[in-house]
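Each chain carries a letter (A, B, C and D) given by its place in the written order, and its residues are counted from 1.
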């Protein structure tokens, strides 16, 4: 089937992103009452694009002819002005094939889940329109061969996230969250844009692979490395840093992460799809895609060290904050931030394959956790505060099972779950990083805390007794919600197979070689050390959490046990280390003041200026008017009247009175006669 | 008293203008030259006093004028009486017979009455013109009388242009009538004056035209010449007067009618028609001025009839061959009496004529016929004045006469009036 | 000393008086009076020259005077007729008011 | 010579009156007087025929005509005439003076030098008649035609068309 498809791959691959976009467009014009048909359309479109993506993955897996690192499809000139032509195109290489397959597969099951979850929603069709728009854009980001096309898709994804976070726009908090998400990601996008322009300025091309002339090919990389700019940085380093800031914005790294926890205002499937599996991964994907530019300035170059450290800090910070959260979805959100930190650490320390494997695994089990949380919320009649839940295991056994699988994968229970292996790979690459052990230590403590807060959540939600009436008799979710949960759970488990050291198939595939099964890999001393470390971290986290939360208090208003021990620190963690407050004070307030100042200047300076200008113009107008009136009109009138006067006085002589004429004749005659006598006689 | 002095002065002025006047000196007492007696006496007296001859000339003129004035003033007085007597007889009544035997002193009575009446001058009138008007009416009549040849021996002033002088003087009366009418200030005299003037102007034309036919035949403008032209007798006993020629008869009749109208008498006495405009242009006059008006009128009558006699009735020519011994002026004054009687007779019988009929009669009847007499006279002259002349002339003259009279009878008939009684 | 210069001055003065009347009188009829005066001034000249001027056999002086008198009479008649007609039309003989031809 | 000396001032005085008198009728009558005096002048100079014709035509005809016209049009604004005196006097004199000067100058230069006294005999009427109907017959005919035309024309002009006259202008 793969060989049959391969010759048509170029146009088929275009279909993958375009079909969901098309579906989104059509559903946008459908009236709300045709919600059902809209969801079927979206599902159908995604199903087809998922099929094509898997086929493309298959093609990459079974190389038809000699192993080709990437299949570049002829770029289309999208825009040409003068002699410059901007080209866009798609590329199919193991990285994009894997990401494309993962994104479409997860998205498909989340679509299915949301048809059930969102059934009671009035604007059903609109929801699916945004979802399909998002998935189309995400696929475009994945398959794009041009940094420009990637940036455009990047913006579309940002827009989709804004629309979906603000789906319940009548809630002010949702609207504010959407706006906050959009603006913070825009800060990142601005850096991304500057980096892109700089790259273009330097290499005059934005295509990644353009048979030798592409951005990521040696020629361009060489030219980038050669030029040193401000601060001794080479162009590639500076551009890489800018791209890193773009990635941080989108993936919610420390300074720009505040929007992610608030993004939970959106419906749960949105959180699952966007803020767990795909969009947040786009940042990591970007860094992975443009990794050669990062590597251009050396393994311990500034871009990579920066990435590693930022990843580590984010991981530890998010894990600590997750401890103090009481909302079921906010805990998962902070856990996502921390896992992204892990991926950044992997990227920074050179483990691109580890980062990608962790990304894909994380996508599966985090989506699983979110959807099960959704099912719990659905069951508890939209109750989100874990302090008011308890003892749901008995009431929602299926949901509990899937949640348990996800929790264990995330926490990194040994051997069975993909989470364990992907985290282990990350730690391995961090540990082997020549640039120092800082990120490794940060990542390790983060792993410990991850295990702790996931167990806390599990204990508070599923064990003990229900602590509020709403939660007293929860009902199990319908199958349309449960089936996707089971599928994702299976995925979280099966993925472990491709990432274990014994058969590092995924890592080799990414590099273009074929993996060979090596049972002895476990026995390497270094590998054993790492596995041992992971085991120790996980068990420590779980047992500590179990000890603290073994006997949850019956009263929902009782303070959290940890709160008793940590006291003020607990509150501090709860507020997300008051990042929002600090931003508010240090960035937004000065901006407001600046705005005030500018407004003042405007009022004091420009308004009088405008008044002055207006006065000037009026004066000129009046002046010209008067000159026109007085000078021209009156002058003309005067001339006419004097002419008329002259004419009248002249005509007065023709008075019609005969005697006057006679007198004239008399005088004339006498004068003539006098002349006659005087001259002649 | 001022008025007679004024008359004398004007007479003297005209005389003193040095008109050539030879004074034939014949025997004083010859009957023929009786009328010249006073003039001759004055001349002799002055020559006896050896006055310079211009003084002598003036004296003789004065005497001549005096005689004319005297004669005709007495005639005027008689005429006023005779007129009333004849009118009375026509109306089958006696007339004035109280003042003196057979009313002979009636004129004296009238004169005294006129003199004693108060002389009223209206305030709005122009006093000088008001005074001048009656004088200007009398003067032309007297001037005219001065020119007419009364006898073979006696023509107060014999002018070569006698006829022209007569008519020139005659035109002054119109101006005088206007002044009389206008100067008295009020409307009736003005209306009367305008009517009188239009009438006199209209009738002056036929008067002059008929006279020209006589001038054409007699070849001279001087009246004595015209009288001599009428001397002699046709067929032994028919005097060669112009009246006895076809054109002469017609011209004569027209002359008399026009003369009648000229002096505002009877059928044409519209100006002072008592019933309509009180006394016409004489309403504002009273006392002696009013008398002067009457004097002017009667003297005018005498002048016109005198001229008529000289032109058509052969002046002082005796009617029959054998009567040469009778002084010529007797014939003149006899004819004068006859013509005057004719006028009185006309006055007594004819009804007054309306102003438009009067004007139409003058312009549509008299003037055309009088114009016709000129060629007819020429024809008469060159057709040998015999039977042939009679035949032709009478034929030519009868045709328009018949046409006019037939039409006039129809036209002149007074259309029946519709009297609308006041509601 | 012939009276000719006297007569000439008389006629000149009479002519000027006539002209003066024509130029100043506002009443159309009185203008005719002026015209009559001017004509008579001319006639006086004719007769003066006929009487005291060079001998002239065929009596041109008096003849032209007779003709001039005839024509003057005709002129006066037509003039007055016209004036009457104008008066009937405009109820006024004041020349300054009869200026409907003015420019 | 003496009658002339008496007569010319009279004529001038009467003419002055005719020209200057405020009341129109008085002016017309004074005109009649001037015309009569001129006729007298003709008589004194010896041209009787012309004098009498002048007297008949002018005094009898034209003067009456003028006076009649004055009666019909009844001009009454003596006051305005008087009011206008100074201005009209100045205006008139300014136009007339040069003409008078010219005439006198012309006469003073144009006088025939060798004029003795009364050169021509008094006017014989017969000579006038012969002359009139001898050499000047065409002129007489022309004047005749003119006079008839005037007679008819004047009658037509003065005929009242029977409709009410329009209101006065102004």
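Methods note: a residue touches a chain if its C-beta (ideal position, glycine included) is under 8 Å from a C-beta of that chain, and two chains touch if they have at least 3 such contacts.
The shown structure was predicted, so the numbers you read here are calculated from the model rather than taken from an experiment.
K.L.:
Centre of all protein Cα atoms: which chain's centre is nearest to it?
P.N.:
The most central chain, going by mean C-alpha position, is C.
K.L.:
Could you grab the centroid distance between subunit B and subunit C? Build each centroid from C-alpha atoms only and quote it in angstrom.
P.N.:
Between these chains, centre-to-centre, one finds 33 Å.
K.L.:
Please work out the Cα centroid separation of subunit B and subunit D, and write it as a whole number of Å.
P.N.:
One centre to the other, that is 29 Å.
K.L.:
Compute the distance, rounded to whole Å, between the mean C-alpha positions of subunit A and subunit B.
P.N.:
Spacing between the chain centres: roughly 149 Å.
K.L.:
How big is the gap, in whole Å, between where the Cα atoms of subunit A centre and where those of subunit D centre?
P.N.:
128
K.L.:
For subunit B, what residues touch not just one other chain but two or more?
P.N.:
Nothing qualifies.
K.L.:
If you look at subunit A, which of its residues touch at least two other chains?
P.N.:
Residues 662-663, 666 of subunit A touch two or more partner chains.
K.L.:
By the touch rule stated above, which residues of subunit C touch at least two different other chains?
P.N.:
Where subunit C meets two or more other chains at a single residue, that happens at 19, 23-26, 98, 100.
K.L.:
Considering every pair of chains, which are in touch?
P.N.:
Chain pairs that touch: A-C, A-D, B-D, C-D.
K.L.:
Spell out the residues on subunit C that touch subunit D in their complex, using ranges where they run on.
P.N.:
For subunit C paired with subunit D, touching residues are 1-10, 12-21, 23-27, 29-30, 32-34, 36-37, 40, 43-44, 47-48, 50-56, 58-59, 62-63, 65-67, 69-74, 76-78, 80-85, 87-94, 97-98, 100.
K.L.:
Where on subunit A does subunit D make contact in their complex?
P.N.:
Going through subunit A, the ones touching subunit D are 662-663, 666-667, 669-671, 673-674, 677, 681.
K.L.:
For subunit D, which residues count as touching subunit B in their complex?
P.N.:
Where subunit D meets subunit B, its residues are 3, 25-26, 29, 32, 39-40, 43-44, 48-49, 52-53, 55-56, 59-61, 63-64, 67-68, 71, 125.
K.L.:
Hey, which residues of subunit B end up touching subunit D in the complex?
P.N.:
It is residues 17-19, 126, 129, 159-161, 164-165, 167-168, 170-172, 174-175, 178-179, 182, 190, 194, 197, 201, 204, 221 of subunit B that touch subunit D.
K.L.:
Which stretch or stretches of subunit A touch subunit C in the complex?
P.N.:
651, 653-659, 662-663, 666
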